[in-house]
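Listed next: structures, encoded as structure tokens.
Both of the next two complexes hold chain A, though its partner changes from chain B to chain C.
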Partner chain A sequence: MMTLELILQGLVMGVFYAMMGIGLTLIFGILKVVYFAHGESFMVGAYTYALIAALLGLPLPIALASAVVVGALLAVIVERLLIRPLYEKFGDWQQMRDEYAIIVTFGLSLFLINAANQFLGPYPYHGPALTDIARFQFGDIIIGGHRLVAGLLGLLILGGALWFIQRSFWGKQIRAVAQNRFGASIAGIDTRRVSALVFMLSGGLAALSGALLVPLFHAQPDVGMVPALKSFVIVVLGGMGSPIGAIIGGLILGVLESFGAFYVSYAYRDTFAFVILIAVLLLRPQGLFGERAREV
Partner chain B sequence: MKRVSPVAGALMPTTSKRIAGIAAAALLTAGLASPVAAEDGPIPIGLSLTQSPPGAVIQGEEVLRGHLIARDIINEEGVLDREIELHVQDSQGIPERGRSAVERLIERVGVVALSGQHQSSVCLAEIDVANRHNIPYMNTNCWSDDVRAAGYPQVFNPNIYNSRVAEAMGEAIAQLEGIESIHALAENTDWGIGQAEELGKYLAEHAPDIAYRHDLLDREAEDFTPVVQRIRSDQPDMVVAIMLPPAAYILMNQLAEQGVVPSDDTWLFEGGGLFSYPDFWDNVRDSAVNTIFFDLYHPEMPLSAFGERVRDEYVERYDGTPSRLVFQAADSLLLIAEAIRIAGSTDGDAMIEALQGIELEGSRGVITFSDEPGVLYQQWVDTPYVTFQVTELDQALEDTVFVSAPGVEVNIEALAR
Partner chain C sequence: MNASHLRTRREFLVSLVFLAAVAAVPLFVTSGYLLGIVIVAMYYALLAIAWNLLAGYTGQFSLAPTAFAMIGAYGTGMASYHFGLPPAVGVPIAILVSAVIGMGLGRIVVPLRGPYLALTTIAFAEIVRHVARNAHEYTRGDFGMSVPLISSDRVMAFYLMLALLVAVQVGLYFLLRSHAGLYLQAIRDDETAAAGRGINVIFWKTVAFTVSGAICGFAGAMYVHFSGLASPDIGHIFETGLVLASVVIGGIGTMIGPLVGGFIVQFAAEGFREFGLRHMLVFAAMVILFVRFFRQGLWGLVKNAWDRLFGQGAARPARQVKEAGE
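This part shows the complex of A and B:
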């Protein structure tokens, strides 16, 4: 029975990892940018939810929606002000230097963490749970009430995001730009708008992940660091640029961590992610769903 | 067209070089020489404490408040006709940051004593620097035995230490009926590891029938569910939490989420003195009910006139009940001020000698320092402590149930489940 419970707990955590990973993989897919400030979208969502719900006392759906909006808005501003100038200066997309984006987004991450510390204070904020039910019990399986509700909500959102990417008009544009940015622009796709859309989607999902987890984790300036690191592992595991890979990768990582921490040692819980990272890079560098060569 | 004298033209660079040379020499001299506090100016005291993550920020804030209150009280009369001036550096709870913070305070500010540190790993890094510069170091709240066992004459410990905490917790645990197994969860720091191990040693000696195990948790981790599931599966009679916020808050909430506590089967004993932190009830809910807390202050404790003044000032300035850290911080600064007064100067050796023989009424008792080597070296041996139980949600510290104190038997009947 414990095995089932570990799987369930792992899958729930995996949903949140996947919400983080899918945004990161999309950004890499269309811009080839390694976005180091992704964890801060998580942090912004966590703070927004906690402040609006706990301090202002507004209804929880409004707090959740606000977290998504603030996270998405922040990501769009970042794209417009910091990322777009990096690639617009190059006539040929291939000339863009990756290290610029790494330095800019790494600096942005540090800036946002310190800004949160300065303006919101270093104290942890605790967000209210989505349900008053402390825990659900199915036979011997116990799972926290908020954890289950948040996990199910996250699963729904992930399904919606996947549908949007695979089936919607805008999603097809995203995939077209990811396959060949130049070709997509010749076909009439506004690649700049698509880039902004991807950042918006990525920021919104990461912020929602933070908002859903803040009743369990607490909001504080560096709360996004660990989830961001995990999402890098997920992206490598699932295959860079693959949304489905990010979802599967997130779920696999969640379950492996759950089992490893229980049966091996909790002390190595975060180590499992990096063992997976090294193993994937050695054995299957393109990841589970990635392509060996992306350029068309 | 402006004409330039060839002589002037030749002299100008030489003059500039000379001025630049003098300026460089002056800067070099200023940089190399340690600053010395002006004899008639304020006395600079350095504080190294946590003001930003990943360290325990709430602890740092309370320690700072205690020092500020004590500074204002001391400055009413002054020390050697001078005022105390505090210089604060943020150590972030990171040992290397703490080391560089105290280096900066000593080298650049010229502080005559150091105080304020509240995280053992950082203390252990900082005391090497204090020892090298022969600067008195008042350990405000580092509990690790290793801080004492280092045997540095500059380091004084007016707070409690791990093996004493373990002894106090062990005494209470040993008197509880029906405790057969204990699972301790400690943060992976010098304080956490030390306290968990000391508790194990104490129980092995005094309550050998109790099965004890401990797990080390990363203080920056956010999800402790797997280890909590393990505890739920093992069903120990008691869980001991030895962690600092925010990880401690997260852990306590996740223990409640899994139904481990509060329950009729499992006690929760908190060993980090968290309850009196101002943000405790904002972050911890059900899991705190029926939890037994170890702490160094309780409103039922007798306070000296200085202690009452510190408490009243805290209530007036910050509108809340002061935590133990406020009193510990106030005592730390009071000790430094008294050492300067006795020494008649801010000379390091003279202050250390004064502290070694000091007998000072602090906020919660008369402070003296032992000269016994090892864990008791320059330790205030009679540090007061208390264990109490929280019985209701949002309960105030003064309404908690008193369980035990030094020399007082554990009040088993008072405990609720």
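This part shows the complex of A and C:
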């Protein structure tokens, strides 16, 4: 039953990866640039949860909710201050928007990591698990209690996010802007507000993913780096700009890593993702479900 | 001679003055600690120059400069640790290995643009670092490998590093003045148009990656023979951030900017350490501010101030006409 257990463990991690990836793919969809500071939304969510739940001792739902709010707020502020120039008129960088986005969001990521290190310290903050049950057992399959509860909660949120993007009025506006920003603005859509909404949504989801993973990884300044890089892998794997692709990509990556760590090498468990990234970019640049990811 | 050549020459002359000033440092400074800081500053300047060749002149925003420094560091480190080879053999091996890997990476990423290039190179950098950390039997993992010093005399090490820096700067100047330099800048400005004018884009992009990788590998190899330890920290993502900060703060796409930027970043890092402030915090904030508001970096600010102070209001357009006509 080892195989089933590995699949289950992988799917649970995949849910968290997907929560990161869905935000990143939306940002790519509407702006067509990479956003390197996504992992820091994750980090901020993790810290908020750990501080509010463990230090202030407030109930866990409040801690989770405030993590979402703080992550969303941070992302909206970043959008307003640093990202908006990308789609407003902006002098020299108008020609080099990829380069502007790479440098500015990479710098922002380093800034937030080091700010956390400066003001909160390099040591890990621990947060309480969502459930007191240490593990669930179904036949031969054993899974950690927090993992299962957090994974199910994450799955619920993912479903909600997918419904929001695919079915709600706001989601339709997001997809309209992703297809054609200018056309959407002619149709009466406030593209600025949609961009802010996308950042809010992706920041909130990433922060929630961070908050839910605190009992497993603890809150540290650079805790978001690996998940952020993996969410890029998911986005490329699923296809840039495709929310369903991000979810499926996340689940695939989670399961692949789970098997790779067990059968190939535990030490290299974080390396597989990068090999997958390079392989997909070179062999199938459009990903599984997305638009073509490179111009030749 | 056209405007681009004149600009390059002016920047090159200023950088020579700066390097001459650096060369005079051991005459006044005897403290081995301070000389060590300058040596590390030269290491960052080398990486910044190499990255600027890729990003500033060729438009390829790779995020793997420190990965190549690490390849160079481990090239010479493994040569000396496992085979007892001296630096005189180990460093050329390091250059060769990093050049070949740079060529391979460059050839692979030719079709990728913008975000995809950044993602591929950052993935490459992480793979290299993970391998160095985990292949214990070859690299000793996180412990790193101790490497013999290139010279027990700090002044000697100082001038060896400076010689490398001068050689790279002079080499870059002649590269930029040649047709190759114009090809690279044409690719940066408009790849499709460059290809349309008959420039072999695949070849020249690969050349840029090879040269940049070789310089980074050379710098990394020299650095470990100065510090005595080859460790995976050389390729940490924060180090990439420092290289980016050097270039962006100094002035991207100029000859002088990355050179001076490397020194500023290293000196400021030492200064902030005294105050207990994390230097990366300040540099990251400066990178954001510079990219957002002063895209030309410090060199651009200096140039603008110079023009405002010493150039007559009408002098600038007139000179541009002259430059274009020459």
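Simple rule for what comes next: the second predicted complex is superposed on the first by the 283 of 296 C-alpha atoms of A that agree within 3 Å, B and C clash if a C-alpha of one lies under 4 Å from a C-alpha of the other, contacts with A are read in each partner's own complex, and residues count from 1 in each chain.
Throughout what follows, a residue touches a chain if its C-beta (ideal position, glycine included) is under 8 Å from a C-beta of that chain, and two chains touch if they have at least 3 such contacts.
Being a predicted model, the structure only gives us computed values, none of them experimental.
Colleague: Output check: A:230 vs chain B and chain C. Expected answer is one of first, second, both, neither. What do you get?
Modeller: Touch partners of A:230: none, neither chain B nor chain C.
Colleague: Using the touch definition from the top, say if A:220 reaches chain B (first), chain C (second), both or neither.
Modeller: first
Colleague: Contact-wise, after the overlay, does A:123 reach chain B, chain C, both or neither (first, second, both, neither)?
Modeller: It touches chain B, and chain C stays clear.
Colleague: Answer with first, second, both or neither: which of chain B and chain C does A:267 touch in the superposed model?
Modeller: Both: A:267 reaches chain B and chain C.
Colleague: Is A:13 contacted by the first partner chain B, the second partner chain C, both or neither?
Modeller: Touch status of A:13: first partner only.
Colleague: Looking at the overlay, what does A:85 touch: chain B (first), chain C (second), both, or neither?
Modeller: Only chain C; A:85 stays clear of chain B.
Colleague: By residue count, which of the two partners contacts chain A more extensively, chain B or chain C?
Modeller: Of chain B and chain C, the partner in contact with more residues of chain A is C.
Colleague: Between chain B (first) and chain C (second), which does A:110 come into contact with in this model arrangement: first, second, both, or neither?
Modeller: second
Colleague: Can you give me the overlap between the chain B contact set and the chain C contact set on chain A?
Modeller: Chain A residues touching both partners: 117, 225, 267, 270.
Colleague: What does chain B use to touch chain A in their complex?
Modeller: 51-54, 57-58, 188, 215-218, 220-227, 229-230, 232-233, 245-246, 249-250, 253-254, 256-259, 279, 282-283, 286
Colleague: List the residues on chain A that touch chain C in their complex, please.
Modeller: 28, 32-34, 82, 85, 91-93, 96, 98-104, 106-111, 113-115, 117-118, 225, 229, 232-233, 236, 265, 267-268, 270-271, 274-275, 277-278, 281-282, 285, 293-296
Colleague: Looking at the complex, which residues from chain A come into contact with chain B?
Modeller: 2, 5-6, 9, 13, 117, 122-126, 134-135, 142, 144-147, 213, 216-218, 220-223, 225-226, 257-258, 261-262, 266-267, 269-270
Colleague: List the residues on chain C that touch chain A in their complex, please.
Modeller: Checking each residue of chain C against chain A gives 55, 59, 61, 63, 108, 111-116, 118-120, 122-124, 126-127, 130-131, 134, 237-238, 241, 244-245, 248, 277-278, 280-281, 283-285, 287-288, 291-292, 295.
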